[in-house]
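Input: one structure, supplied below.
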Amino acid sequence: MADDPLVLAGERFHSRLIMGTGGAPGLDILERALVASGTELTTVAMRRVDPRMHGSVLDVLSAHGIRVLPNTAGCYTAAEAVLTAQLAREALGTNWIKLEVIADERTLLPDPLELVDAAEQLIDDGFVVLPYTNDDPVVARRLERLGCAAVMPLGSPIGSGLGIRNPHNIDLIVEQSQVPVILDAGIGTASDAALAMELGCDGVLLASAVTRAREPARMAEAMRRAVQAGRLAHLAGRIPRRWYAQASSPRDGRATVG
Amino acid sequence: MADDPLVLAGERFHSRLIMGTGGAPGLDILERALVASGTELTTVAMRRVDPRMHGSVLDVLSAHGIRVLPNTAGCYTAAEAVLTAQLAREALGTNWIKLEVIADERTLLPDPLELVDAAEQLIDDGFVVLPYTNDDPVVARRLERLGCAAVMPLGSPIGSGLGIRNPHNIDLIVEQSQVPVILDAGIGTASDAALAMELGCDGVLLASAVTRAREPARMAEAMRRAVQAGRLAHLAGRIPRRWYAQASSPRDGRATVG
Amino acid sequence: MADDPLVLAGERFHSRLIMGTGGAPGLDILERALVASGTELTTVAMRRVDPRMHGSVLDVLSAHGIRVLPNTAGCYTAAEAVLTAQLAREALGTNWIKLEVIADERTLLPDPLELVDAAEQLIDDGFVVLPYTNDDPVVARRLERLGCAAVMPLGSPIGSGLGIRNPHNIDLIVEQSQVPVILDAGIGTASDAALAMELGCDGVLLASAVTRAREPARMAEAMRRAVQAGRLAHLAGRIPRRWYAQASSPRDGRATVG
Amino acid sequence: MADDPLVLAGERFHSRLIMGTGGAPGLDILERALVASGTELTTVAMRRVDPRMHGSVLDVLSAHGIRVLPNTAGCYTAAEAVLTAQLAREALGTNWIKLEVIADERTLLPDPLELVDAAEQLIDDGFVVLPYTNDDPVVARRLERLGCAAVMPLGSPIGSGLGIRNPHNIDLIVEQSQVPVILDAGIGTASDAALAMELGCDGVLLASAVTRAREPARMAEAMRRAVQAGRLAHLAGRIPRRWYAQASSPRDGRATVG
Amino acid sequence: MADDPVSVTVNGEPRQVAMSATIADLVAAMSTAGSGIAVAVNDEVVPRGRWPSRRLHDRDRVEILTAVQGG
Amino acid sequence: MADDPVSVTVNGEPRQVAMSATIADLVAAMSTAGSGIAVAVNDEVVPRGRWPSRRLHDRDRVEILTAVQGG
Amino acid sequence: MADDPVSVTVNGEPRQVAMSATIADLVAAMSTAGSGIAVAVNDEVVPRGRWPSRRLHDRDRVEILTAVQGG
Amino acid sequence: MADDPVSVTVNGEPRQVAMSATIADLVAAMSTAGSGIAVAVNDEVVPRGRWPSRRLHDRDRVEILTAVQGG
């Protein structure tokens, strides 16, 4: 797999699994899960400093050489997202941003109008923008044309574990995109991640499916292998679906009985 | 994964992927695929000797220490299947048999009545019977009660690549079975194999999905990882499906803008 | 619709919806639902006489000219089913029998071996046998060859409301059958019934979906129309599925703006 | 059904099936299909006058008292859509408009940004706007808040016949909407239309599924009944889905055999 | 002696009936319905026409069934 | 001079019309339908009531639309 | 006479073999593989140990099978 | 007077700080982390290099953020 890197904004990643850090019950459990996942790029959120807090997710990432990808989770408007991205750049020394602009708490679905607005501003400001978007091929194309470094359509709502509700849309997005397509949100289990890759996605981003699993580290390893499996299957060229059967044992040469 | 073996009739296998050898364009391609798959148990068919044939699939299996599992592919009646199994035992020195009794060429679906009849005869005759069956929990239970060493329900017709058409039935079979459940037939791509394992199957048996893929060895590796991924995900305990979203970033501590 | 009858064993029915009578909270509610459904053939079960019981489902059927179809619900063996069928014939003066031989309480799935055995005995004894069977095309063909007047594959377990879990199997059964195919069991809502007919089934048999709905009579009317809709759609020849869009408004002649 | 009207912008319709007129091979075939569908509201497109054309779809609608609903099919920008709507109002004497602003020929998917822009302008200009939108609940809510008289999410691309690819999104839209939800685009057959109504949609808009069927009038009748069936089923309250079976025949009182 | 009771099982319940009792008597005791009923004794259907003449014997298993809502 | 032709575009096609020609004249030449037609000149709708009085100018882009099967 | 040919069917094909021929002879003629082969005569398996002694009779149906790719 | 307190909002909480206080002072009071922190005043990022010199004014809204688990 070493010769099949994911290239994002010119950077090469051997792992096609991008992890989020949210939802883990503790930093030690998170750490074991991150290591088991093999991820090289991991999201963090930006929040107000809390004087009581000790230990930082950044230390964990740093200890394992995992690149940090700040997000704008929790932002409802382009203005909030832009400021959050700028703070993240200042705090973390990276101009990469996972751009999230959500519309409501119930679904956490992205707001396409605010998202496009924010993406435009951030690209103008020199950011490498990785936008979390719905699965609409039209919005994905708009984001790509603005100059986003990837498009990251959802499979289903964040944390829902409903998998890829509309593979047809993901397929249309993959088909049209010149930038990497990262399936972001909704993954529930390993076969969902494999399916995303088989549809031609270049990577998978997930958090809850691992961090909230009964055994996060074990699920992280499952996801690592599932993403590899799906990628290999995509490259290997699956057999066509057939309505009827096709024997794999030879028809000729069977013994005659009776 | 080393401490999570598949145990069939008292034998331990580190790999939960059982391969078939049919459909490969040549022995060398088959060999590379078998090695890439990591399989330790592999099916062969019994056919009339052909004086023109040189090179045997048995040599390939032997070279890699892969255990041979003869099948009764192509048999339409219990009588044919029983004789074929007995010939296989004599030829290959194994009392294990993958029992197939099919009903027609169009679907290659198993005939449950002939299958049950053949299973009963073979178990009486001392065989370790691994029956290829439909996805009916009632037939699976009948086969288990007769003394089969595993039950091997189909996902969809042999070679169809239609995946698991009725996960509900597979789930019911897994729930009721005391013997290993091997998903046999219908796998098209890696996510199908992962799904089988997530449903709680103990293993996956496939041939065409690998041997007829555009790149068999690459697909074999995909399947190896997919089976591992699905097994790990099953053990790790996936998150529940939720109708609405659940944030993975904290709600508190967001910056106020404007 | 009047010129498109369902023909079962030489008898013509204008309605393709066969109702069961089980699950209704009372005879009056059942009566309204039966009338709303438009059914002309309705199942009853055979049970020990209960001296306390007054009012009979038979009176309801008789009042509306609905033909009675006794079943063998609750039978676990061929012997039980055969005796129950014979008692029903004696009690109700009909040699038609909906043959059910189930395997367990949990799934109420049919036992194919007992079913085939019972079907054979009853056909020999002069019955018109309408067997409730799993969705295995091989078992369906066996039943047809024995002389059953129809085959009645399940969509999913009785009362589950899970709809048609494996449309592929229903399609294979429809394709091969010379006798009517009645989708029996598992229907949850109107679209399930329509789908059954679109797959080419000749009729639908259901009970719980109506009798246990919040408003049985309204659901009965829904089912009546759904079965008609599905039948008409099947005959009308649906459009093919297309991966991309196809405009229904003309491309030419659009105004030029700006 | 007469007491369950669809109310759009204060107007009552007894039929919940809105038809399009595109795709029919001729006006006579269209007319028979429209009549069979029972529709009371039907879309037309606006195109340049063609001196060679004789016979008008408007005459057909007028002859049967069907209200005309002009659309903006073929418009790619808000500006085009606004002008087209204004021309339609002038030509047809209605301020109702089915608003379509598409993004490309391949998918005919709506462009949410142009759509929202056009909706805002047309509402300001006094139109009753019925927007064809993607299945994104966020865009639907935005359109409702702007003052659209309904929201009309797609099931799948126009003319594709792929049905409702993401019922989860339709469900979320229905749940949040105070205005009618009309499933628009993608319907392939009767069960798709029934499903839309069961999900809680207030109506269905379709054209190709009828006009391009092998027998348009018969399919129109199928759709009429399917929409009614789905509506009734929605109101009647379907049974819950259950993993296991639930008997509809009584367990007690079975005969004992042997 | 002519009418000593015999022990039979009727619909799963043990029951004493007179030796002279017929199936017709038994059915009349169990149900007022004039039709829609069938009887098996020891797993064999007894046609309605033979109910008046068919006597019961010790240990007979009698099943008297009718149609109910179901299926 | 009073009736020198002006060059306009009508439904995408270049066309010469008399300077005295009105929208009403143009519509009459394009369609015999008495109703169901609307006209825009340079992206602005011209209400039917103004057709008889509205003259055309050089380079005017005229769109004359009607309803057809669609959607 | 001792070695008059007998008519048998081998793997579906009619064949004449010497009356003295054994299964071992027949297998050797059909395959050079030393192992992985099994033989049935008239639907009964003949174990390898009996090949050298087992003669063929007129109308015997012989099946000589080996493992091939499949399943 | 030189060090009269000014009223600001820090991370959503009202707070009195000395007029001479800088962003650097404020950050030091809120967190011991030497890095990974960013500050915005009135919706504008204040780069770390300007923290020591940047004073606070009455009604300034200060946001001091860091990276946490999320996404």
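In this document, chain identifiers A, B, C, D, E, F, G and H correspond to the written order of the chains, with residue numbering beginning at 1 in each.
One rule holds in what follows: contacts are C-beta pairs under 8 Å (C-beta built on N, C-alpha and C of every residue); 3 or more make two chains touch, one makes a residue touch a chain.
Just so we're clear, the structure is a prediction, and the values are computed from it rather than from any experiment.
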Chains contacting each of chain F and chain G, listed by label: none
Given chain B and chain G, the chains that contact each of them: A
Equivalent interface to B-G, taken from D-F, C-F or D-E so that over half of the residue contact pairs match: D-F
Pair joined by more contacting C-beta pairs (D-E or D-F): D-F
Averaged-CA centre spacing for the pair chain H and chain G, given as whole angstrom: 95
Chain centre separation (chain D, chain G; CA means) in Å: 73
Length of the line joining the C-alpha centres of chain A and chain F, rounded to whole Å: 55
Centroid spacing, where centroids are CA-atom means, of chain C and chain E in whole angstrom: 34
Contacts with two or more other chains, residues of chain F listed in rising order: 11-12, 40, 43, 63, 65, 68-71
Per-residue overlap in chain D, given as positions that touch at least 2 other chains: 20, 22-23, 45-48, 71, 73, 79, 83-84, 87, 107, 109, 162, 168, 207, 243, 248-250, 253, 255, 257-258
In the complex, chain B residues that touch chain A: 20, 22-23, 45-48, 50, 71, 73-75, 77, 79-80, 83-84, 87, 105-109, 157-162, 188-195, 198, 207-209, 211-216, 218-219, 221-226, 228-233, 235-255, 257-258
Contact set on chain A toward chain D in their complex: 103-104, 107, 109-113, 116, 134, 136-139, 141-142, 156, 162, 165-166, 168-169, 172
Chain H partner contacts - residues on chain B that touch it in the complex: 248-250, 253, 255-258
Chain H to chain B touching residues, read off their complex: 11-12, 40, 43, 61, 63, 65, 68-71
Contact footprint of chain F on chain D as seen in their complex: 20-24, 27, 30, 43-49, 51, 53, 56-58, 68-71, 73, 79, 83-84, 86-92, 98, 100, 207
